[in-house]
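Take a look at the structures listed below.
Below are two complexes that have subunit A in common, paired first with subunit B and then with subunit C.
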Partner chain A sequence: MRLALLSFLLLAQPALANKVFVSNEKGNDITVLDSETLEVIATFPAGNRPRGITISPDGKELYVCASDDDTVRVFDTETYQETHTLPSGPDPELFVLHPSGNPLYIANEDDNLVTIVDVQTRRVLAEVPVGVEPEGMAISPDGAFVVNTSETTNMAHFIDTASSQIVANVLVDQRPRYAQFTADGKLLFVTAEIGGTVAVIDVATKEVVHKIGFQIPGVLPEAIQPVGLKITQDGSRVFVALGPANRVAVIDGTTFEVIDYLLVGQRVWQLAFTPDERLLFTTNGNSNDVSVIDVAAGKVIRSVPVGQQPWGIVVAPD
Partner chain B sequence: MRIAATLGLIGLLAPAPLGAETVIRSAVLRVDVAGLPPISRLDLPPDDLGLAGARLGTMDNATTGGFLGQTFETAELTATPETAAATLDKAMADGAGFVVVIADDAMTLVLADAARDRALILNAGARGDALRGTECRANIVHVAPSHAMLADALAQFLAWKKWDEWFLISGSHPADLDLAQAYRASATKFGAKIVEDRVFEDTGGARRTDTGHVQIQKQMPVFTQGAARHDILIAADEAGIFAEYLPYQSWEARPVAGSAGLVPRSWHPALEAWGATQFQNRFEAMAGRPMRDEDYQAWLAVRIIGEAATRTGSADPAVLRDHILSPGFEVAGFKGQKLTIRDWDHQLRQPILLTTGSLTASVSPQDAFLHQVSQLDTLGKDRPETECSFP
Partner chain C sequence: MKRLLLAALLLSAPAIAGPSDDPSWPCIQRKQPHLSIGQLWPGPLPDDSAAELAQRSDIAALAQVLEQRRLSLPEAEAEIAAFAERASAEELTALFVAVFDRIDAYRSRIMSGVARYAEKQVTLSAQIEARRAELTRLSAAAEPDFDKLDAEEARLDWDVRIFTDRQSQLTYVCETPVILEQRAFALGRAIAAHLPATPIPAP
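Up next, the complex of A and B:
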């Protein structure tokens, strides 16, 4: 009886809608979508050249790298008002929040630094010198390592979060853009935009165990530029945004084989799942829209116009 | 591992104590020829032209090298044509296994022949086609784009515009003639027609006098008068004598391209795409001025050396050289795709920017021009056309 009631409730309850926040690099604003209706519900200003975007675990604070303002702007996710800024170092581009919600690890492209900022006290805790043009940031699920990728040095730098020291450097292909750990913390995926590959790094040995390449009929190899990447919680699927190839690659998380290429908007850049991983959103910088992928069906189901040059994207937690 | 990383970080902050096997020694040598100043004072060459680019490249290499226990030293040298050979000798005697040369075609050739197998020359200045063709040398890597690449880059854009009737105006200096020849070859290659072909004789004379503009306003229309119907004027003026005078002064109301107007080049300080903004920022913070072509080319040349050192983990010039000239070599250069080296003439493949005074108007290769191997090989001398044969 109880079970039946529960399932009835589950069925009757409309799926939770989540806010989807998109940073528009050229429009200098944030577009907010509703993950159920896929309609734009708000747009608000976000400073100059907003790129990296993330959200606190409780969903209340939105963090935006305002690259040309040399600061991280913090917004209330209900009122869309800016509540305060965080010191970020110059030209912040991408960042990652500790799983606990604090601190924030920021890549400073112009200064070859990773800046670690306490989001409560709003103070810089440490600066870690890394390679030339730090960009991608990832944190291991247990919070032990932060990884930064440096675009001209072509390395993934493993930073021990306890000591704020680099403990390993892993060479990858040209211009590494983005990194993500699997949920079990065993593997790290790193995209190389100019190299055209994704490196799979064994976190225990800090060695590249596999390199994923891409081939799309009718698309020039030079146009295949892996940038954003997202892995499902169970590790079974990896999605890679291929930039000017206008496609998202679907990769088997066990065999590392490319299963499919999904046609999305132009210059696809960053990706974000809904918390239930039913939908995957892509920012398409040249067509000024967001493509919506039905993850289970492996199909693009909608494209939603947003602001000018959408760059980063984050979905609010449930 | 932690110890190695810590050592690397120390290396970032101060010159590390040098173990001989971990130092990669190079030199950048600019050979200055005495001559007239450029037409526009905005184009006056800075003292550190090219050298500043090499310096940034060395800094970038050092940051990466810090993580691998590699140190990079690049001697910054300038010379006159008379002192160039001795300066090169000294650099090699001091251990430079790589010399980035910023010089004209003839001097680059002289230096390459003087270096023989003692150093790999990275050409970051000379653009002549003979240097990559009949006069090619196996110990040169051409980082600077060739005349043929620059001309093809412009020709592809003009083909896309359907501006296919060209009025070619060449200067009278040898480099001008080489560039003009490249435009003639490009016209044939991409289906354009040179409907009028004239030479602007450099007769010397006052350049920046009080009434200079009055003279120009009268001379240029007369010089361009009576040409066959054309879509565009193309100036081949490597010597920088007349091209900048052409826009708005031609007899017919036609745009100008080539050495003025829409200019094909390796770099432009307004480029923002492909992460170039942060690269421009880093250079400007260091040098206190915008980046020029020579700086970009020298930066890229030094990065090629660094990339080889990173990938091979070696400091042995012979190992690095083999890697640079191997089929697998690639380097990133803020052009949106990997840059590789042609094995038939050692020319670096690279997109070419088509720039106006203050912007990048377009980038070639243009989408429509396809190639069976690399789209970048639609620019310049492809394998079947090359006149180069290495021993």
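Up next, the complex of A and C:
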């Protein structure tokens, strides 16, 4: 324990501390952590049922899906004051920001739409009809495609960002929840919560090239529910939150083999790296804490209590 | 046209197996009949010797104390710390196994209770429907029997009241298995914190 702490202190370079923002679905607030001290530095209210959370590329604006308010709330990351809201359509759950910082693509679970919103003019640019219960959202690094996953239809829908039209639908396993492109834009990873798998899709051919399954000794298969997912910039490691299994799977990004299952907290939901990818944070909805994983060591180094039912998480850029 | 095509494509997709598939499970939380050790314990899976050691009277007695929800978590952590002072890794693992077995068994009993609760609600809702039909029938009669009508209406009022009361308690009822799982996890984490080279320090 002391050794782990010491090595952690040694690793903690005098780099910039980043703010880590956690949306607490039941607590209706946002917890702010310091990425160096791992201490809670602030908590502020965020409307009803805050879930999806993201930040502008300049780190100044925090966007929060206030699901039960049917709006996206925008906060100043210094003062924590709400500056304005964005139209989101009903029940916004997850969204993704264009790499340039505009527009914002929002999944509307209740009316089977993806709403595209200009964050400058605060207007809806387009609504794209997708599958039933849209959920996961991802954008390709070049901004050419937005991918939405629909929970009931079990598809990843590729939306051309130029025309706002669906150009491809890829069938995955039951209840796809989260999607992410690799940094080179070649692969798309999609988690399936009930299917218990992660589909690896070749972006060029729009075909599933591999399916990753999970088996944890001493964990019943139905407790393994892949949700949040994050890939390192170099594509060498993929981390998958396994929900009520309380574990994060560590996957080799080239062979797609599972290397380890790290025990974190209960109902692990979403993940976020620090910009230097030294640390990975997980939100644990039932144990009301955030686990901190040392990425290089592949070890859980700390758990930090946050608000009630932490759901989403984002780390401010440098 | 493109929209129509998509809609057709979407409709043809297979339906999912959601939580609503089990009519006897009324909770929004997904039904998970048993906890598994791997969800709560970071170390290697405890073997038969740990299960045997878990029966030892001092370990079983401590597990019984820890299981009680009236014992606050800081108090439980203090009990665990005191035990850990003279316990080996095997004994700590056995303590976790003893706690796990107790909480999981209790949680399973609670979950069957939740299912019975849901079945009673279904029966009651059918009874309410039947009473409503009867009321309609009675009041539609050429010469309504008002005494009978009043009596039936009173019975309906009671049924509806019981039904709504129970329904409003459902959130709490459904939370109970979750609360037990939280306690099992917190105790597991507190015990594991005393293992040598523990991967998860207690918060």
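Methods note: the second predicted complex is superposed on the first by the 305 of 318 C-alpha atoms of A that agree within 3 Å, B and C clash if a C-alpha of one lies under 4 Å from a C-alpha of the other, contacts with A are read in each partner's own complex, and residues count from 1 in each chain.
In the analysis below, a residue touches a chain if its C-beta (ideal position, glycine included) is under 8 Å from a C-beta of that chain, and two chains touch if they have at least 3 such contacts.
Everything numeric here is computed off the predicted structure, so don't read it as measured data.
Participant: State whether subunit B and subunit C clash or fit side by side on subunit A once the two structures are superposed.
Facilitator: clash
Participant: Between subunit B (first) and subunit C (second), which, if any, makes contact with A:168: first, second, both or neither?
Facilitator: In the superposition, A:168 touches subunit B alone.
Participant: Just to be sure I read the superposition right, which of the two partners does A:318 touch: subunit B = first, subunit C = second, or both, or neither?
Facilitator: neither
Participant: Just to be sure I read the superposition right, which of the two partners does A:303 touch: subunit B = first, subunit C = second, or both, or neither?
Facilitator: Only subunit C is touched by A:303; subunit B is not.
Participant: Applying the document's definition of touch, where does A:276 land relative to subunit B and subunit C: first, second, both, or neither?
Facilitator: A:276: touches no partner chain.
Participant: Is A:289 touching the first partner subunit B, the second partner subunit C, both, or neither of them?
Facilitator: The answer is second: A:289 touches subunit C but not subunit B.
Participant: Just to be sure I read the superposition right, which of the two partners does A:194 touch: subunit B = first, subunit C = second, or both, or neither?
Facilitator: It touches subunit B and subunit C both.
Participant: Quick check for you: in the superposed arrangement, does A:219 touch first (subunit B), second (subunit C), both or neither?
Facilitator: Second partner only, subunit C.
Participant: May I ask you to name which of subunit B and subunit C touches more residues of subunit A?
Facilitator: C
Participant: Check whether A:91 is in contact with subunit B, with subunit C, with both or with neither, and answer first, second, both or neither.
Facilitator: first
Participant: Is A:266 in contact with subunit B, with subunit C, with both, or with neither (first, second, both, neither)?
Facilitator: second
Participant: Of the stretches 23-31, 59-67, 95-103 or 185-193, which one in subunit C hits subunit B?
Facilitator: With chain A aligned, subunit C clashes with subunit B through residues 23-31.
Participant: Pick out the shared contact residues on subunit A: the ones touching subunit B in one complex and subunit C in the other.
Facilitator: Residues common to the subunit A contacts of subunit C and of subunit B are 129, 131-132, 150-155, 165-166, 169, 171, 174-175, 194, 220, 222, 244, listed in rising order.
Participant: Okay, in this complex, where on subunit A does subunit C touch?
Facilitator: Spelled out, the residues of subunit A in touch with subunit C are 1, 4, 129, 131-132, 150-155, 165-166, 169, 171, 174-175, 194, 216-220, 222-223, 244-247, 262-263, 265-266, 286-287, 289, 291, 299-305.
Participant: Applying the document's contact rule, which stretches of subunit C touch subunit A when the two form their complex?
Facilitator: 2-3, 6-7, 9-10, 13-18, 30, 32, 34, 36-42, 45, 178, 181-182, 185-186, 189, 193, 197-201, 203
Participant: For subunit B, which residues count as touching subunit A in their complex?
Facilitator: Where subunit B meets subunit A, its residues are 1-2, 5-6, 8-9, 12, 60, 63-64, 67-68, 275, 278-279, 281-282, 285, 303, 310-311, 330-332, 336-338, 370, 374-376.
Participant: Any idea which subunit A residues touch subunit B in the complex?
Facilitator: Per the touch definition, subunit A meets subunit B at residues 91, 109-110, 112, 129, 131-133, 150-155, 157, 165-169, 171, 174-175, 194-196, 206, 220, 222, 225, 244.
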